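Next, two complexes with subunit A in common: one pairs it with subunit B, the other with subunit C.
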Partner chain A sequence: MAIKKRGTGLTAVADAWQLADIDVSASFPIRPYTAIMAELAKRIANGTMKCEMVHGEGEHAQFSIAHGASMAGARATTGSSGVGVTYAFETYSPIAGGRCPIQAIVGDRTLDPPGDFGSEHTDCLTLRDNGWIYGWAQDAQESLDNSLMYFRIGEDPEVMLPQIVAMDGYFVTHIAQDYEMPAQEQVDKYLPKFNPQFRLDTKNPVIMGPQIEPEMGPPLEWDRHVVMTKVKEKIVQATEEFAQVFGRTYAPFVEEYMTDDADMVFVLQGAHAVTCRSAIKYLREAGYKVGMCRIRWFRPFPDDALQEILTKFKVAGVIDTGTSYGAPCAGGVLSTEVKAAMSEILNKPIIQSFTSGLGGETITHDEFFAMAEMMQETLKAGKLIQSGTWVNFNDYHEGASQINAAKNEAAPSK
Partner chain B sequence: MAVAELIKSIAQTTDLVETYVPGHRTCAGCGPALAYRLVAKAAGKNTIFIGPTGCMYVANTSYACGPWAVPWTHAQITNGGAVASGIAEAYRMMIKKGKVEDDYPNIIVMAGDGGCSDIGLQAMSAMFYRGHKVLCVMYDNESYANTGIQVSPSTPYGATTMFTPAGPEIPEAKKHHLKDPMAIFCSGGHPYIKYAATASIGYPIDLMNKVRKGLAQDGPAFIHLQCTCPKGWSFPSDQTIEIAKLAVETGMWNLYEVVDGDWANKIFNVVPKKLKPVDEYLQTQKRFCHLQPEHVAEIQNFVNNRAKALGMEVPLPPAK
Partner chain C sequence: MAKVYKQVPFAAIVPSPQTENEGMITGNWRFLRPVVDKEQCTECKTCYIYCPDACVNYSKDEGISFNLKYCKGCGVCSNVCPVGAVSRVPELDFDD
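Let's look at the complex of A and B:
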């Protein structure tokens, strides 16, 4: 029977991993993701879970251990945060290219410098070209649900790709929330046992990861490209069946909030959606026709869904909770991707980028109000006033000058 | 712990199944290829190989195929120890849970000197520390050979490589003496290693029995295997075995075992009546042809000191 629990995004994913009967998990401490490994360790010690926890000597080893375990045929998991994610960088492409569907959790953390524990999406966004499938959860329940859906999609014999259950550090990893842990029978019904066609099996010897000649690589890369298209179909299917088995319904790609009559929308992913919704209620009372589009998958990027949805609006403000210094249009990674996805679409909205929530700071109601104000000005002008705006640094709404001045004063290179 | 079934003679090896089979493009007289063949033959069919990047990856697996009749997987040059750890624990847990009906396989990492004691050192040390049941064979041809012979920590003092040419400013070529992985891994710092040995392709029966002893352990085991390399060391390809033997006869390589973790009481497997001067060995390879008498003396001194430090009782040539 499903049980009501109170816990964090990390304990929720630990529940998912317990229900998925993972065999091997590789740990190394870094905040904030670490708490999931502490939780697993407890469950293994008290006999709730039958899983080998291997203490990697770093993140590079963690992902390598999970890779080896997956090649042997085990369901394997790992995870990290911030510079831990980037320390393992060499391993991501071999794992995806080897079609080993391990699951990693990333609790976002700002990359150094400075040594900041707060959430920024940059750590996980740096992995975007490595062939993993991933997206952001907004709360504990969605973290758990994503974990189960990701296993199901990633281990599908027609997919076989590693997955990252991404979530904002602290907002999702550490704030206790109510959620429901599904029943074992539900999970067994939804998630088949991991049964790879090829594994390191002495009765059926195979060679994995041999060298190839230059002309033999592109067909394999083409296959990895094509499978990402197939993943989109699988996402739709897995999300629908999830609702049938567990009774929780998600938009497969993009959640819309108060968009029916909206002419402006915030576009974002992850935990800030929670604050965004409540800010929108106030903004609606003040007469702003504003809504929200929350992106649930980052790879594969849901361009079809976005193209269909965003054409309904006049202005889209994409919120980048991370950095990509020198990126096109002075934005971050998410806004660049949204703009690219919309580039050939007729009647597209004016798309502007807001960089906000850096360093793990909450995006406050006031900041959402300021962004709405700036989108309103864009709407009135009928064109971009400023392509990329760092909220509280170079705002252009009325009353912004004082805030900007204070923040600029604090910047060392003024 | 299982008892290793030991091989007594070459004649006995003809009945063993070859699982490192023809179909690779290693150099003529390749020492590491012979090493692979002997290790595979000693281990048998219930074996999984992990091959971190090295010459035995590049030369064996071209054109998306490989010369193994047992499962083999590539690992990055950095992470052979970690990938092997994952495979080992996956098998242990899947067998425990009844998810597979397999017998626990022999898991062997065949790492080169770089993949084991340089860029791969961290992962290998952690694998030994955690006590996974894996045999690590460091096939040591004393350079990064897959990239065209560049210096590694195993390259002896005085050898030329692409990164250590001899010239008027640096007449000795390589300036540093080598790093000793046996001392690093097996002198007590990794207590789960109960069996460790050095080996040489010049002594095949000795090598195969060391592989079997390593695989019979309940935990990790380590074999440091010298593999002569005609291309990297510049000698004719028909002298692979002679030079391997000459290394032992001159003390440039020592054959010993550390049993039950007892580093203080090593067992020396081959002790010459007296060590030949190192110059005899150096003369056989063009990588040493630039050496001056003072450099040869430096090497002799190093070899003599190493024999003494290891506790090998053998008459030593004079070091000038």
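Let's look at the complex of A and C:
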């Protein structure tokens, strides 16, 4: 029977891993990821979970251990945060290219320096070109549900790709919230046992990841490209079946909120959607026809879904909760991708980028209001006033000049 | 004409070779040859386990020997030997 619980995104994923009966988990501490390894260790010690936990001497080792375990046929997991994610960078492409469907959890953390530990999507976004499939969860429940869906999609014999259950550090990983832990029977019904076609086996030895000739590389990379299209079909299927088995319905790619008559939308991913929804309620009362589109998958990028949805609006404000210094159009990664997806579409909205929620900052109601105000001005002008806006830094709405003046006064060292 | 690529199995996973690959002889990369001192060797087989290219052979009669056709001379065997029985000798000191 499903149990109502109160916990964090990390305990929720620990629940998912317990229900998925993982075989191996490779660990190395870094905030905010650490809490899940502590949770797993506790459960293994208590006997509620049967899983081999291997402690790496760093994230590179950690991901390599999970890679090896997966090659041996284990359902293996690992995870990290911030600079830990990037320390393991070398391992991501080999794991995906070797088609080892391990699951990693990433509790976002900013990249140093300085040693900030707040949430920011940059760490996980840097992995976008490596062939992993991933997206952001907005709360504990969705983290748990994503974990189960990702196992199902990643381990599909037609897919075989590693997955990242990404979530905002602290907002999702550490704030206690109510969620439901599904029953074992439901999970058993939804998630088949991991049964790879190839595994390391002394009775039937194979080589995984051999040296190849140059003419063999491109076909393998073509396979990895083609499978991403397949993943999109599997996402639709897995999300539908999830609703049937567990009774929780998700939009496969893009969740829409109050978009029916909207002229402008916020486009974002992750936990800031929770604040965004409540800000929209106030904005609606104040007469702004604004809605929200929350992207549930980042790789594969939901371009088809976005192309269909975003053409309904006149202005789309993409909120970049991460940085890509010197990127086109002065935005971050998400806005660049959204713009690329929409570039050839007729009747596309004016797309502008807002960089906000960096370094673990909450995007407050006031900041959403300021963004709405700036989108309204874009709407009135019928063209981009400023392509990339860093909220609280180079805002251009009425009142921004006062904010900037106050800020300059507060920082006399300049 | 369309370029023809080589056929590659899923994720390039192939059965382990059972025979030596004549197309990829790597012994000529070596400039330091591993030489085992049979007097010192305790036949613990640590080098056999560590050799990254499976170039250490063992038999009861012969003890430890090296497959010099493929040994690249990396020296792992010499480094892991607990009794220091494997030395690395410059190739130019040998006639072959």
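Here is the rule we use: the second predicted complex is superposed on the first by the 404 of 414 C-alpha atoms of A that agree within 3 Å, B and C clash if a C-alpha of one lies under 4 Å from a C-alpha of the other, contacts with A are read in each partner's own complex, and residues count from 1 in each chain.
Throughout what follows, a residue touches a chain if its C-beta (ideal position, glycine included) is under 8 Å from a C-beta of that chain, and two chains touch if they have at least 3 such contacts.
In this text the structure is predicted, and so the values were computed from the model without any measurement.
Taken together in the superposed arrangement on subunit A, subunit B and subunit C clash.
Once chain A of one complex is fitted onto chain A of the other, the partner contacts of A:T91 are limited to subunit B, with no touch recorded for subunit C.
Shared-chain residue A:E215: touches subunit C; no touch with subunit B.
In the superposition on chain A, A:G58 contacts subunit B only, with no contact to subunit C. Touch criterion met: A:R99 reaches subunit C, while subunit B stays clear of it.
Contacts of A:V24 after superposition: subunit B is touched, whereas subunit C is not reached. Within the superposed three-chain arrangement, the count of touched residues of subunit A is higher for B, of the candidates subunit B and subunit C.
Of the two partner chains placed by superposition, only subunit C is touched by A:Q197; subunit B is not.
Put simply, subunit A uses residues 205-210, 212-213, 216 to touch subunit B in one complex and subunit C in the other. On the subunit A side of its complex with subunit C, the touching residues are 97-99, 160, 197-198, 204-210, 212-213, 215-216, 218-220, 223. Residue ranges of subunit C in contact with subunit A, taken from their complex: 5-8, 10-17. Residues 21, 23-24, 26, 50-52, 54-58, 60-62, 64-74, 76, 90-91, 94, 193, 200-203, 205-213, 216 of subunit A touch subunit B in their complex. The touching residues of subunit B, counted against subunit A in their complex, run 45-48, 50, 57-58, 61-66, 68-76, 78-79, 81-94, 96-97, 99-100, 102, 105, 122-123, 125-126, 129-130.
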